[in-house]
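Worksheet for the structure shown next.
Labels run A, B and C following the written order; every chain starts at residue 1.
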Amino acid sequence: MNIFVCVKQVPDTETKVVPNGDGTFIETNAIKWIMNPYDEFAVEQALLVKASNAGSTVTVVRVGAVHDTEALRTALAMGADDAILVEGDDSLDSYMTAKALKGAIEKSGKSPDLIFSGKQAIDSDCLQVPQLLAQMLNLPSVSVVVGYEGDSSKITLKREIEGGALEVYDCSTPAVIACNKGINTPRYASLPGIMKAKKKPLAQHSLADVGVSTDDRRVVYSEFHLPPEKPAGKKFDAMDEANQANIVKEVVGLLRTEAKVI
Amino acid sequence: MDFSYNTEQQEIREQTLKFARNEMLPNASKFDQSGEMPLEILKNAWELGFVNTCIPQEYGGVGFTAGDTVSITEGLAYGCMGMNTILMANDLALLPIVIGGTEEQKKKFLTPFTEDYKIASFCLTEPGNGSDAAGIKTTIKEDGDSYIINGDKMWITNAGHADLFVVYGTFDPNLKHKGISAIVVEAGTEGIEVGAPEKKMGHRCSDTRGMRFNNVRVPKENMLGKPGDGWTIAMKTLDHSRPMVAASALGGAQCAYDHAVKYSKERTQFGKPISNFQAIQFMIANMAMKIEASRLLISKAAWMLDNGISNTKVASYAKAFAADSCMEITTDAVQIFGGYGYSTEYPVEKLMRDAKLIQIYEGTSQIQRMVIAKEIFSRH
Amino acid sequence: MAKILVFTETNKENVKSVSLEIVGKLNGHDVDVASVGDIGAEGVAELAKHGAANIHCLKGDNLDEYTPEGFANALKEFISSNSYDYVFAGSTPTGKDLLPRLAGMFDAGMASEVTNFQFDGDEFQGTRPMFAGKCLCKVRIQGPKPHFVSVRPNALGLNESPTAGAGNKADVTASAGEIRAAIKEIIKGASEKVDLSEANIIVSGGRAMKNAENFKILDELAEVIGATVGASRAAVDSGYAPHSMQVGQTGKTVAPSLYIACGISGAIQHLAGMRTSKVIVAINTDPDAPIFTKADYGIVGDLFQIVPILKEELKQLLG
């Protein structure tokens, strides 16, 4: 089987995010980059599928800028066979990213049997690329997948929806599968794995190489700014039984209309 | 001059730290309190290649440089200095075999450590001889095809769990360091007596015991080098192990620093975060300086080893400086946490207890200064 | 005036509230609604009230249940034949799955997870959070039309005084096309409580709970709002709750969207475990309790009186 995994490099969840000087993106100088956490589940699932299908290969693909750390190296150290990097800005939109992934997969010369990705990247939180990629490749896709079973021709996937309910899909392959937490426990890259990864092939392409140009931009982001400071809390005196009901009513109302959490 | 890490080094640092943060740190307090060896975590660490980093590729090791090794140790100690001691003690025991062993000895004794998680002990210190290691009293006597070992050992890390011991003894105590020899003793050999676990201030999950070698008969081929080579082997071992021990202090210090920075931003007094107060800022700034200086010294000591340059003096600089800094940093971390820092509910008091041992074992901070002074005055 | 389609999910009777939020917000534009499957009279009335002109219910073989391909194929055909400028949908589990695929069919751009928007003439401009809400930014769409927008539920709020639309409902015959990923069953959400560290809402009790039995009033409140119950260290140390329920330094670190602290003073150990909660409600008799410095909504009062009232109020609201 030819298994592909799409990964993204995102700022560490603990990194302080601040808009850059002209508000066109965030300040990327001091950021520590990590593999998008949901993509770790995708890499792990690909490796699990590979382990139970002799002769399979796992190719990891990333579109983005080159930084100190390299998510592709981590995936190779975890056990992927080869990697493709398409060099581009970190601020590409979902359409360009999906198109670049498609181009990179086609350029590899291997016809994909399965394509895994994380359910979303925790930086832009768009949740678009897996479905877009599937559409561009004319493949079925299932997103937010928390359960995987399958052989080479048919797979059964569990997709998480509201309230922890699960939709169980029968899906033909090839397919795009966007993984959520719960599908597996990603392994650590072992140190011998890291040393071996050094020798694994990493192909590098430009956006133009994979058929993406600036004309492909569909979404323009601007005016990055910090969210307004959280206002000071509101305190209500409800020691007197007479006004307790009113106060509770007011707080519940605020939870719905102001805080929007219920 | 290049202070950057290459891709693999960066990866090694990150994966080790990730393991330390996710698997070790959350369990550090539990094993500190129970005093048990966290065997499952240790085995997991072994499976991922964090253990026995000194074993060369020819014998099944990964083939790390000294630079890699100190990065790994720093990361593991960040998770728990006690657990790191257990893991690092393996290297301390295996290094004499790497340094002084024959091809055959290396194959026989090192390879099993790459095939399964095994534990080793380095047996040098005695009840009456710690810093004065050349004065050890344990005797080795020739008897046909064997050597017979007799004597007491003290503060032996991993003694209760070890599969293999590297024991230092002397053919004649009067010969001082010239009589010292190192010999490999496999667990289960008749006459090995292991004492009860010591109750310690810190590194409580590591197993530390007194031992007695009572007419322990070992085949002659277990001797590392020739009779009398033991002292040289031990000194070369320390050149390798001191940067590692220094790195363990650095990992502990970094952990204490990270806790202190985070807490000082969260803790509010007099209406603002305590990180706004200069008293706290100065403590944090001092911590940061000492951590950076420790890391540079350790990197240099490791770099010298990797480039075949004698590093005895710099290794001692690194060990003394990093261990003393770790003690200061963890103490200040407790101070920044105030009453909470003194409580076992918060992680910093354990770090302070753990730090103390690093100033003591593998040559006290005072012995390091003696080594440094000797290097200075014997060469000028 | 742009020609806009709002896709709404339907349970054959009603539509999701986020659809009403979107339709209401779009007052002043030419707004149609489309669903796959029927919408009942009540749903149609609601949509009309908020401003929907035409309501199209797409029907056809294999469209009874959601499939990414079936719904996308059906909608594609419908959208193409009506040349909309914009297609909106709620960012619900279905919306998130469906809309990108649909946008891909038109090679069109899509703005995700918008929390507010406006039109400059016919041009959409939205605001959305990025980096898990650490940043906000403006978002515009360019390239081939229609442009697609997904809107986060509860973000816009309902239009209080919407301009009503005609609300003409019509059935449209649609085709699901080839479906390669189909739902064979739906497993209901497990009734067992979500783990604390995963919970979206947490109700926690402190020392003021007085004993283990009293935690049942928190259980009852939790039941109403689908929350998980937690406890402070003081409550755990006093034996009112097991350690597995402890939130804080030596317990679990939680980040729910709503944290209701009942009778918890707010020791720093506790705050360390829950300070990143999105919204904090505190109920405590001591007006100077430190928990109030972290609370978005503080109620100074006796939890034994307040919690039951709160439960009833929420029960009424959430029906």
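Following the convention adopted for this analysis, contacts are C-beta pairs under 8 Å (C-beta built on N, C-alpha and C of every residue); 3 or more make two chains touch, one makes a residue touch a chain.
Keep in mind that what you see is a predicted model, and the values were worked out from it rather than measured.
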| item | value |
| --- | --- |
| Neighbouring chains common to subunit A and subunit C, by label | B |
| Chain whose Cα centroid lies at the greatest distance from that of subunit C | B |
| Subunit A-subunit C separation of Cα centroids, rounded to whole Å | 21 |
| Between subunit B and subunit A, distance of the C-alpha-averaged centres to the nearest whole Å | 40 |
| Averaged-CA centre spacing for the pair subunit C and subunit B, given as whole angstrom | 53 |
| Multi-chain contact residues (two or more partners), subunit A | none |
| Per-residue multi-chain contacts in subunit C, two or more chains | 293 |
| Residue ranges of subunit A touching subunit C (in the complex, touch as defined) | 11, 13, 16-19, 23, 26, 93-95, 98, 122-132, 134-136, 139-144, 156-172, 175, 217-227, 230, 233-239, 241, 244-245, 247-249, 251-252, 254-257, 259-262 |
| Of subunit B, residues touching subunit C in the complex | 29, 266-268, 340, 345-346 |
| Footprint of subunit B on subunit C - complex, ascending | 233, 249-250, 268-269, 271-272, 275, 293 |
| Of subunit C, residues touching subunit A in the complex | 66, 68-69, 72, 92-94, 96-98, 100-101, 103-105, 107-113, 129-143, 154-155, 157, 179-190, 194, 201, 225-226, 257-258, 278-281, 285, 287, 292-302, 305-306, 309-310, 313-314, 317-318 |
| For the subunit A and subunit B complex, residues of the former touching the latter | 68-70, 73-74, 77, 188-195, 197-198 |
